[in-house]
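Take a look at these structures.
Both of the next two complexes hold chain A, though its partner changes from chain B to chain C.
For the complex of A and B:
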C-alpha cells in the first residue's frame, strides 16, 4: 500500500534525524548570514521562508539550497504527529515521550501562531507628551486629511502595501482618487544633481523646490529604518488635480485646495490608535556610580482611558513590562538627551504557549530519564 | 589494599593548601592591610587590592611584580609616583609597536619613564584607531589600544591620592588650608576688579589646579559619602574633597587619614603610615561596616586564588586517574588505590571549587554565572560534579579522569578570560535580574557542561579504543567491558544535556519575552543554544532509531563539543546580537585549534574497526589446517 508506506515514511525516526540535521545546518548558516545580511533579512530568508535560495552577486538566477524554517518546522510537526499515530501507544512507559512531544507540538504551533498573529509597534514619548497611538517600525502610510474645519479634520490613511502596488486608490471618504506614480520603499534624497539620482518633477508642493531622488535597497540593519518616497497624482472626476512629491524626508504636511476644501498630504510611519492614551511623566536613566554602564531605564507613565474613567500611574522598567488590554509595553530605548522614551508595544495572543510548552517538555524529560535512571540504579544496587 | 593512602594524600594536600593561606605579619609599611580598604570603582565597592590586581593584569598580564606585591606597587604608584615610574611593568610583545616607540626589542616589560617620551605618538595613533570598529583592527592596532588604555589607567591611578609633583602632602595641605581665606578673598577681589595680592592668588590657584586634576582624572573613588548624603553610592575622590575645602566645607575624616598616610609614605615613616592606616580602618569600619567587610573579604578572596590552586590539584588528580586507568589490567590493586586517591582528591578540589564559587556569589550578590569568565568556572564545576557522579556509580576511573580534565581545562580558560581586568563588573540594565540569571543562565550553562562532558567521555572511548585493547577488558565488581560502560555513560550524559539545554534555552526565550516581548528573536546566542538542543536530540533519536551504533554515538558526541564551543564562544565572535561581547582575537585562534582537534578525533573515530586495538582482538582466529 503506497499510503501506509507514505505514513511509515513520515513517521520514521530516520526522517526525524534528517530534519533535525537540516535544522542545524539552517540555523548555523542563518546565524552566520546575519553578519552580512543583518538580523531582519537573514531571519526572513532563512527562518521565515519555505526554501532558502542562493543567489550570487549580479545574476538574475538563484538556486534553492536548503529547506527554510517554515518547511522544516512543518515537516517536523508532521513527523511528530505521524510518529505518534503510527508508532507510539499511550503506555506508562512512554508517558514521558508523549509529554515531551506534546510540549514540542505546542511550542511549534505556538511559534507559528506568534509569527502569524503577533504585532509589534513602537511608542515614542517625550516627557509631558501623551499619545493614544503607536507607530509601525517599518511600514508607512500616506495620510490625506481634509483640514477645512480645523476642529474636525477628516483623516484618510492609505497603508504602504497599497501604495507599493503603484495603482489608483479611491477611498470613499475622499471626493478624488490618489494615483501612485512611483513608490520607493527606501530612498535617498539630495537637493542638487548627483550621480544615480533623478530629478523630482511634480506640479505642486515641496516637490517643486528641486529634489533629486534615488531608489536604494531596504535597510537590513535592525535599528535603521527605511525612508520611502513617492510621487502621487490627485485624480479628480474632472481630470488631474496635480502631482505631488511625498517622502519620509518631508516631515511637515503639504497642503492644497480643491473645491474650497483644504487638504493636507503627509507620508508618515503607520499609526495604530487605541482607546486610551499614555503620557510620559518621567524618564530615568540610572548609571552605576563613576561609570556610564546603565543600571536601569524606567518610564513613569500616566494611563488615561476616558470610556472607563481609568486614570492611573504605571511604571515600566527593564524586565518589568506593562501588560494592558491584550498588549504588552516594554522599555525598549530612549532619547539621547534622556528626555524621551521609546516603548515597544507587542500584541501576541499566543504569548503563553512557550511557558506551557516549557513546563510540558521539562516535565516529560524528567519523567522519561527518571524512568530509565531509577531502574538502572536499582539494578546496580542489587548484588 | 592500603586504604589509608587516598586519605593520606588528600590530608597532605589539604595541609599544603592551608599552609598557603598563612600570612606572615607585615613589617614596614602595612600595604597588605592598606589593600583591604574599600573604594568605589567600576560602579562597585571593592578593596584597593582588587584595584591593584586588576590594573596590573591589564598593564602587565600578571597580578603582581617580580619584586613587589600588587598592593605594594599600587601604594607606591599613588603616593610616590616618581619611584613607580621607574619600574618596568608595561608589557609589550608587538614588534611593530616597539618599532613605533623606538624601544629595544629584547625586553618584555618597559617602565613608564621609557614610554613617556613617546606618549604623543601613542595618543595620535589611538585617536585614529578609535574610529575603527574593534573587530576590524589589526593586531598592531589592538596592541596599541591596549597600551594606550594601560597608560591612561596608570596615569589616572597616579592621581588617586596626591597631585603629580607632591613632596609632602601633609605640609601642602596645611599650607593650602591656611591660604584659603586669603586666596578666596583674592579671587573675589580680582573678579570685582579690586586690588589683590598676586602671589597669594597664584599660589592658591596652583593648589586648586592640582586638586582639580585629581578630581577630574583619579580613578577609584576613595572617600565614602558622609552621613546625610543622598545615596550610599555617593563616593568622592580625594581631589574633589580637597577642592571642597575652599568652599568652606570641613575636612573629611577619610581625607585626613589618607593625607596622613601619603605624607608618612613620602617621608618614609612606616610607623606613622601604619598608625594612620589603623585609625582609618577603625573609622571606616565603624561607619561603613558593610563596605569594610566587603573590602576585607574580597581581598581575602583575591589572596586565596582558589581557582588557581584548584587547577594544580585537578592536574594532579587527572594524572592519578589516567595512571589508574592504564594500569587496571596489569596491577588491579595498585590501580584501584590510585583511582580512589584521584576520586577523593577531586572531591576535595571540587569542594574548594564550590567554596570559591559561593564566596564569589556572596561578594557579588549574584547567581554563579554573570559573564564569560564565570561561565567557564561554572561549566568546569558542572563537569566535575557530573564526573564525580559517574565515578561514584561506575567506579572505573573514567569519571574521575574526565572530571579532573574538564575542571583543569575550564579553569585555565577562565584564568585567560580574566586578563581583561575586573571579573565582577556590574550587570547592564537588562541583565540586572537575579531571577533570570539564576534560572536561565545557570541551567543553560549546565547544558553546556553536560554536552562537553559527553564529548570528553566519547574522546576517551575513541582514544582508548584505537590505541589500547582496554575497551573489551572487563572491569569493576560487575566485570563489565569498559567500552560498554563508556557507552552507557555517554548516553546518560546526553540525556542530561538534552534536559538542561532544552530547559535553559526555553527559559532564555521566556526571559526575552519578559523583557522585550519576543520569545524567540533568532539572536546568535539563542541560535547557538538551540543548536546544542538539536544536536543532543539528534544523538538520542539516531540511537533509538538504530541509525548509529556505539562508535557512531561517540563520534556524534565529539561533534557536540564543536557545537557547544561554537555556541559558548563562537557566536560572541560574530560581533552581532544582544549577547556579543566584542571580538576576541586570541580566543578565536584557540577556538579554531580546539575545533581542529575535535575534527581530527572524529576522523580517528571513523577508522574501520580493524585499526582499533580494542577490536582487532575480536577478529576470528585464522582457521587451522587439518
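For the complex of A and C:
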C-alpha cells in the first residue's frame, strides 16, 4: 500500500541521517554566506526558507541548491513523529528515548513558534527622555493617521510586508484604499538630477518638491539600515485621490484632507507601543581604572504604568535584562557621549520552550542511562 | 469501525495535516495595526525636520520628535534661513566676491546608507568619480561635532556643464538611531574662506534630550535631564503631580526646587547640619505600607522588617485628612555612609498615597520632628 510505504519512508532512520547531514551543510553554508549577505539576509535565505537558491551574476533565473531551514526542520519533525508512530512503542525500557524525543519535538516546534511570533526592536533613550514604544531595526511601516481630533489621532499602520507586495490595501479603519505603486526596500534620494536616478513624479505632497530616486541593493552590514521609498496612490470610492511619495528620507508627515478629515502620511520604522513608558534616569559607562576598557554599562530607568499605578526604578546592565510584561529589555548600546542608552527589546512568547526542551532531553538521557545502568548493576551483583 | 488506516497512520496523518494547516496560518503576520495615540504622537517624525528659530541657538525639532535637540553657536557672518526639504536647519555664509555658502543639517534614520554611498553622492554632485570603500579612510579628516569625533569629507570638482569649481564639505556623524549630516556647499574659494568657521561651528554643536511620546494619561515628564532621587526598585519615592496641598511651612525651613518626581522639597539646617523634607504622591498603595517602610529602611541601611514587626514599627498620626502612619528610624545613609535618621509619614487618601520624608542629621531631626509632624497635619488636600 503506497501510504504505508510513504510512512515507512518518513519514519526511516536513513532519512534522519540524510536530514541531519543536510542540516550540517546548511548551517555551514549559511554561516559562511553571512560574510557577503550579512546576518539578516543569510538568515532569511538559508534558515527562514524552504529552498535555498543560488543566482549567478547578471541572470534572472535561480537554481535550487539546498533545502532551507523550514523544509529541513519540518521534515525532521515529521520524521521524528513518524518514527514514533511506526517504530517506537511506549515501554518502560524506552521511556528515556521517548522523553528525549519529546524534548526534540518541543525544541523544533518552539523554534518554529519563535520564528513566527518573536520580534526584536530597539529603544533609544537620552537621559531624561521617556518613551512608550520601541522601533524595529529593519522593518518600516506606512502610517496613515487621522489627526482630525487633535487630542487623539487614529493611527493605521501598514507593515512593510504588505507594502512590498505593491498591491492595494484597504484597511477597514480608513474610508479609502492605499495602492502601492512602487516600493523600494532600499533607496538613494537626491534633490538634483544625477546619474542613475529617476525623477519622482507624483501629484501631491513633498514628492512634488523635486526628488530623484534610485533603488539600491539592501544593506547587508549589521549596523546599516535600509531607507525605503514608495509611491502610493490614495484610492477613494470616487476615484483617485492623488499620488504621493513617501520615504524614510522624509521625516515629516504629509497631510491631505478627505471628507472633512485630515490625514497624514509617513513612512517610518515599525513601532511597537506599550501601555507603559521607560524614562532614562542615568546611564553609566564604567571603565577599568586608568584604561578605556569597558567594565560595565548600565541604565537606570523609571518605569511608569498609569493604568496600574506602577511607578518604580529598574536597573538594566549587561547580563541583567529587565523582564517585564512578556518582554525582555537588554542593554545593547549607548550614545558616544554617554548621555543615551540603546536597549534591545525582545518579544518572544515561546522563550521558555528551549529551556523546557533541554530539561526534557536531559531528563530523558538520565532516565535512559539509569534504565540500563540499574539492570547492569543488578546483574553484576547477582551470584 | 472498519477503516483503511491503522490508528497509528491516522495519528500521523492528523499530525501532518495540523503541521501543514498551522504553517501558513502562523506565517501570516501581515496585519495592519490600528490604534489611537493621545496628543502629539500621531505620527511623530523619525528624523526631526522642524524649522529652527532664528538666533544663536535653536532647538532641532518640535515636540513631536523623540530625537535629541541640537544647540550651536553661529560663527560671525552666518545667517539662518528657511530649513526646507529634508533639512533640520539651513544657513548662509558669505563667500568670495559676493557668493554665498549654503550650510545644512540633515538628520536621517539609521546610518542612512553608510558613508560610502553618501561620499559617492557628494562626489557625483561635484563631478568626481565614485570611490571604493577602501579609499574612504584616505578622504576623511577627523574633526569634532561637539565632543564626538566624526569624519569630514572635503570634495571639490567641476560638475558637468557648471563651469565653476564646486566644493562640498560634509560631515557624517553616526549616532545610535540617527545619522547627522552637516554640509557646506559653494564655489571652491568661498568654501576655502568658510572652512575654519564650519569646523568651529561643528565643534560648538550640542545634543540635548527632548520630551517624547507618553501613554494616554501619563503624567508629564520633565524634558530636562534631572537626576531622580535614589529609589529602591519596587516602590516609588516621589510622584507625579497631583494637586499640591496647602500647608503651614515651619519658618526655619527653606524651600527648594523639587526634582522631577517630587511635589515639594524643603531643607532644615542647624549649626551647619541639615535634613531634607520631601513630599510626593502616587496613585494606589504603591506596594503597601510594609514595602514602603522597608524601602525607607534600606535608605538608612537597615534590614527589612517582617510583616509581623510592622505594627511595632509604626505609630499612628491623626491628620485632618485621615489616619497616617509614622516611622522613625536611625541608621546610616546608604548613599553618603553618614549617620542618618529618617522620619517618614505615609497617608492614604482618595486612592492616592502621600509620602512625607524627613531625612538627614539626627540632631536636626530630633529638634524639628514636632515641626515636621505639624507640617504634615497642616496639609489641606
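To be clear about the criterion, the second predicted complex is superposed on the first by the 270 of 383 C-alpha atoms of A that agree within 3 Å, B and C clash if a C-alpha of one lies under 4 Å from a C-alpha of the other, contacts with A are read in each partner's own complex, and residues count from 1 in each chain.
Everything below uses one rule, namely that a residue touches a chain if its C-beta (ideal position, glycine included) is under 8 Å from a C-beta of that chain, and two chains touch if they have at least 3 such contacts.
Because the structure is a prediction, the values reported are computed rather than measured.
**Student:** On the superposed three-chain arrangement, identify whether chain B or chain C touches more chain A residues.
**Tutor:** The partner making contact with more of chain A's residues is C.
**Student:** Looking at the overlay, what does A:241 touch: chain B (first), chain C (second), both, or neither?
**Tutor:** Neither partner.
**Student:** Could you tell me if A:73 is touching chain B, chain C, both of them or neither one (first, second, both, neither)?
**Tutor:** Touch status of A:73: no partner.
**Student:** Answer with first, second, both or neither: which of chain B and chain C does A:47 touch in the superposed model?
**Tutor:** A:47: touches chain B, not chain C.
**Student:** Contact residues on chain A for chain C in the complex?
**Tutor:** Answer in residue numbers: 3-4, 7, 10, 70, 74, 77-78, 81-82, 85-86, 112-113, 116-117, 122, 124, 126-133, 135, 141, 143, 145, 147, 151-159, 161-162, 169, 171, 173, 186, 188, 190-192, 194-195, 206, 209, 216, 219, 221, 223-227, 248-253, 264, 266, 268-269, 273-277, 279, 281-282, 302, 304-309, 311-315, 333-337, 339-340, 342.
**Student:** Mind listing the chain B positions that touch chain A in their complex?
**Tutor:** Contact set of chain B toward chain A: 40-44, 221, 231, 233-235, 393, 425-426, 428-430, 432-433, 436, 478, 492, 495-496, 498-499, 502-503, 506-507, 509-511, 513-524, 527-528, 530-531, 534-535, 537-538, 541-542, 544-545, 547, 563, 566, 571, 574-577.
**Student:** Contact residues on chain A for chain B in the complex?
**Tutor:** Answer in residue numbers: 12-14, 16-17, 20-21, 23-24, 27-28, 30-32, 34-35, 39, 42-43, 47, 107, 111, 114, 120, 287-291, 293-297, 318-319, 321, 328, 330, 332, 344, 346, 348, 351, 354-355, 357-358, 361-362, 365-366, 368-369, 372-373, 377, 380.
**Student:** Which chain C residues qualify as touching chain A in the complex?
**Tutor:** Where chain C meets chain A, its residues are 5, 8-9, 11-12, 15-16, 19, 23, 26-27, 29-39, 41-43, 45-50, 66, 68, 85-86, 107-114, 117, 121, 124-125, 146-148, 175-177, 207, 209-219, 221-228, 231-236, 239-240, 261, 282-284, 286.
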